[in-house]
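Each chain gets a letter, A, B, C and D, in the order it is written, and its residues are counted from 1.
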Amino acid sequence: MPRIAYFGPSGTFTEMALAQFESAGVFDAPVERVAAPSQGGALDLIRSGTVEGAVVPIESSVEGSISATLDSLAIGPRLQIVAETELEVSFTILAGTGTTLADVRLLAAYPVAGAQVRDWVSRHLPDAQMFTSASNAAAAEDVVAGRADAAVSTALAGERLGLTALASGVADHDQAITRFVLVTRPRVAPPATGADRTSIVLELTNEPGSLMRAFAEFATRGIDLTRIESRPTRTGMGTYRFYLDCVGHIDDTAVAEALKALHRTAGRIRYLGSWPATSATGTPPPSDEAGAEWLIQLRKGVADL
Amino acid sequence: MPRIAYFGPSGTFTEMALAQFESAGVFDAPVERVAAPSQGGALDLIRSGTVEGAVVPIESSVEGSISATLDSLAIGPRLQIVAETELEVSFTILAGTGTTLADVRLLAAYPVAGAQVRDWVSRHLPDAQMFTSASNAAAAEDVVAGRADAAVSTALAGERLGLTALASGVADHDQAITRFVLVTRPRVAPPATGADRTSIVLELTNEPGSLMRAFAEFATRGIDLTRIESRPTRTGMGTYRFYLDCVGHIDDTAVAEALKALHRTAGRIRYLGSWPATSATGTPPPSDEAGAEWLIQLRKGVADL
Amino acid sequence: MPRIAYFGPSGTFTEMALAQFESAGVFDAPVERVAAPSQGGALDLIRSGTVEGAVVPIESSVEGSISATLDSLAIGPRLQIVAETELEVSFTILAGTGTTLADVRLLAAYPVAGAQVRDWVSRHLPDAQMFTSASNAAAAEDVVAGRADAAVSTALAGERLGLTALASGVADHDQAITRFVLVTRPRVAPPATGADRTSIVLELTNEPGSLMRAFAEFATRGIDLTRIESRPTRTGMGTYRFYLDCVGHIDDTAVAEALKALHRTAGRIRYLGSWPATSATGTPPPSDEAGAEWLIQLRKGVADL
Amino acid sequence: MPRIAYFGPSGTFTEMALAQFESAGVFDAPVERVAAPSQGGALDLIRSGTVEGAVVPIESSVEGSISATLDSLAIGPRLQIVAETELEVSFTILAGTGTTLADVRLLAAYPVAGAQVRDWVSRHLPDAQMFTSASNAAAAEDVVAGRADAAVSTALAGERLGLTALASGVADHDQAITRFVLVTRPRVAPPATGADRTSIVLELTNEPGSLMRAFAEFATRGIDLTRIESRPTRTGMGTYRFYLDCVGHIDDTAVAEALKALHRTAGRIRYLGSWPATSATGTPPPSDEAGAEWLIQLRKGVADL
């Protein structure tokens, strides 16, 4: 039975994403779920050999990339993303029996969640203090432990812990979607499907135009960049690491050529994987089949070309 | 006496940055400091006419751009950055008299600060719960109010509130620097100094290569991009707003030409200002004086060119 | 009465082009036509102050650029193109009275003309030797002087010299068009019409990518290059001078910016003029009026942009 | 015994180039030399199966590309360049015994040669008429046949025909070099040497920026373009065919990728061959060995990269 870590404890959206992966048949066999206290912690369980895979959130349509996940993927032994799934995210405000919204003084929330309900809280709980929980499920546990009056959490956590929902569907932005990825040790990528995503991390040499040249490797080859995130490398103001997603698969010639070119010209490149995209955005890179066949004929000296 | 808002309350690093602006003679007259509860709140005080300017943090060498500041600059009536200053940031752990590190169960912290002392806390206060405060100074106030046992805060806040420093110089990363900016209503930019920064926000039309083309407007003109941050526009997964800083001033011809070109080709561009850079990074754009003079001669029909 | 040189003697296509300029009202007053023995000779008459202008062929749709004209424009004191006209070119085979095609052993031809009737000659005069004349009209004169049996020439030359047309409308390629230009000393360019041509000569520094960068100055600014000719600089194998035509006028902002940029980055640039195009090819460069106005407002500090 | 055509008749520089190929051991066996009346004629002898190869001039450091050769390579069944050699070219003025320079009224010259001695002729033979010969050797034959008084020709032709040299080393430009190529039917290219030349013909779709995009395929991959010639396609003013030489070999990955990309994006591309360059100009394309190996490891899922 494969052991799969997730950013827990039980009741987080990440556990729901893991369940979604299970329903979709991503795993060959039933999995043993292993809760980890942070995104980085879940990924480190793969590196230590404790689990075979881990599910972590990677991007929110509201808050953008999940820094903790990106940083953990960029640093330390290389891991590989092999699948993704998306969840529409809205929150449930949980409290113990008998508590009403008017009673809430201390509200437990995971900061990423807190940021997505800020407006709702300022309207409905203007006097509440925000208490930092380690995850959406941990926020519910903080209520059970008496450390907070209510929690910004998930319906699933409420059910598990027997808490009451003071409000549900809470979200400042409609259609807040979070993307989760399944990460493993480096392996052969899942086969190309024609609607794939490839992800890399670039650290560029500090010459003028180096970013421009890196982007040109994609643009010239007709490859669509769908995500560009910069994060400081923490080695000084003004030095960045770039997280790039493009449409396509490492087995697509155009993508392979761009990766090789970046390996040669960019300061440092880390490949994070190629996998089927759930929501198709962007245009697949052009096929080079005709060109490859033409090249073979040219090299053979075939006349009629 | 000009009224200048800052992300407060009194005792934040932002207030220290405001003091630094005052010492540097940025203001003509003594200023009245007005604390605001958030970065966005400080900026809105300019928009409402309550203050003439506001000081807000914009970028940390550890955490990257301050999202709340960027988002508030990108949305709503346009404001303009007119000056910057930098602070080396490390934290002081404050508590009431008699409290020791071993006593700390509930630790108040502003999330940006919490992220920068995470390792220190897990080593020195492994059992402490993190309590979300609204700012570094507010964390100290949460201790005074009895809502937390200790605070991740500033020495200044400790002095003001009479708290004890359990630890000082606390920071997971050496040389953590935060850049703060002085923002006003749109105005004539301060004169070019030869070491300036210009900042814009771009929302690009969703065509392949549009980002590449936008970058080419800078690269072709020899303009150095020093910061590229993408943030979701919150209108759906995969649509981004780009925050770009370049070396140079709106009165430099190369920068002016790039801005005009982006105004024509990019979906939406917002100019956030040109101002003297404190730490020089990158190369100033090339002068076009010789070329401009040559062009004038050509247009006049001068022969010997 | 302005004196205008042309590539003669009387009876050349170039004289017909000069007549076309006269009919079109290009000159304010009747002109005195001055025949010159070569394209370079006609241009040198401007440089020596003997004439005010000169008409020379610059490009053939069959043979490409006229090297002698281009080289003479690129070297020596700068001159300026101020107008263009086009002629559909076909040749008349001229001979003395009584001569038939079967009698022709020695055929006089200007080499550019010879190249355009090569197929016709090999079919109709397979045994004729080709005699090099200095121009199309000079070929007819060579017949009159008894140096050749027949001439590849123009109907006009036949009329002037009383020769018989053995064949007319002779051309290997349909719709062979030659473009002629009116050249003067450097002067203020004729006003922009919205359908203009600008011409430059570039000598690039011998670094990899320098040509690419030069082209990017046009492409980035949306300027259409309509002619790219390379000619050896005669200083060694592999060093070239580039003759570029683009759509637009030196008074168009985009063109002016590209010229200034090339002045700064390219090894050497010579401006050959901006003038109305007779046959519109390509798209005019984008207007920057909206952007220029926006920039003025930004610099003034206007709020609502 | 392989039959090799050359642009003749006997005594041309092209025959000297063929001799140079023979001395260099390009052929396995002694060759039978077959004179052809023109460059296109020599190439057509390959197409008709009459000869196995042909030697033709392709570029002069003074006059630029030899149009007749380029056009014949671009049109009709594809041929392939497999070797090159270079000759320093200066001319010999040949005449019959007893003739002096003062006696020369009619001077036979191949037009390409005539263009390279124009200044010399105007100084030394100001009254001579130029007679068009079909090649440098044919000019000497025109003297022998009494059709001209003297010839712009080669020393070799003088020896063969027993003519006297009135002047030798005649050339308006020092170091006039002509490059000749050996052409065959399409075949496997000679092995890469690390200092190779690859030649292609491009006909671009008539969209703005198409030339720029074509060049970007080379520039992005670090491939040096060493020759760019445009020639009208003869289908109308303003439509061109581009002849491009780059440093590198079809077996170099970068070159192969650029060719494939152009096959996909350019209107029409014809490959003219890859062969060892005699005079090294430009930098070889970057090797992708390290990148290719890295890619293989990535695809296998190797961890430590």
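Quick note on the criterion: a contact is a pair of C-beta atoms (placed from the backbone, for glycine too) under 8 Å apart; a residue touches a chain by one contact, two chains touch by 3 or more.
To keep track of the chains, here are their UniProt names: A, B, C, D = Prephenate dehydratase.
It should be emphasised that the depicted structure is a prediction, and the values quoted were computed from it without experimental measurement.
Engineer: In this assembly, which chains make contact with subunit C (Prephenate dehydratase) and also with subunit D (Prephenate dehydratase)?
Structural biologist: Where subunit C (Prephenate dehydratase) and subunit D (Prephenate dehydratase) might share a partner, there is none at all.
Engineer: Measure off the straight-line distance from the CA centroid of subunit B (Prephenate dehydratase) to the CA centroid of subunit D (Prephenate dehydratase), and report it in whole Å.
Structural biologist: Comparing mean C-alpha positions, subunit D (Prephenate dehydratase) is 61 Å from subunit B (Prephenate dehydratase).
Engineer: What is the distance, in whole Å, between the centres of subunit B (Prephenate dehydratase) and subunit C (Prephenate dehydratase), each centre taken as the mean of its C-alpha atoms?
Structural biologist: Centre-to-centre distance between subunit B (Prephenate dehydratase) and subunit C (Prephenate dehydratase): 57 Å.
Engineer: Specify, in ascending order, the residues of subunit C (Prephenate dehydratase) that touch 2 or more different other chains.
Structural biologist: If we look for residues of subunit C (Prephenate dehydratase) contacting two or more partner chains, we find 216.
Engineer: Name the touching chain pairs, please: which are they?
Structural biologist: A-B, A-D, B-C, C-D
Engineer: What residues of subunit D (Prephenate dehydratase) sit close enough to touch subunit A (Prephenate dehydratase) in their complex?
Structural biologist: Subunit D (Prephenate dehydratase) reaches subunit A (Prephenate dehydratase) through residues 77-78, 80, 185-189, 216-217, 220-221, 250-251, 256-257, 259-261, 263-264, 270-271, 286, 288, 290-292, 294-295, 298-305.
Engineer: In the complex, go through subunit C (Prephenate dehydratase) and note every residue touching subunit D (Prephenate dehydratase).
Structural biologist: Interface residues on the subunit C (Prephenate dehydratase) side: 59-64, 67, 86, 109, 111, 114, 129-132, 142, 147, 173, 175, 177, 179, 208-209, 211-212, 215-216, 218-219, 222, 224-232, 234, 236-238, 240, 242, 279, 281-283.
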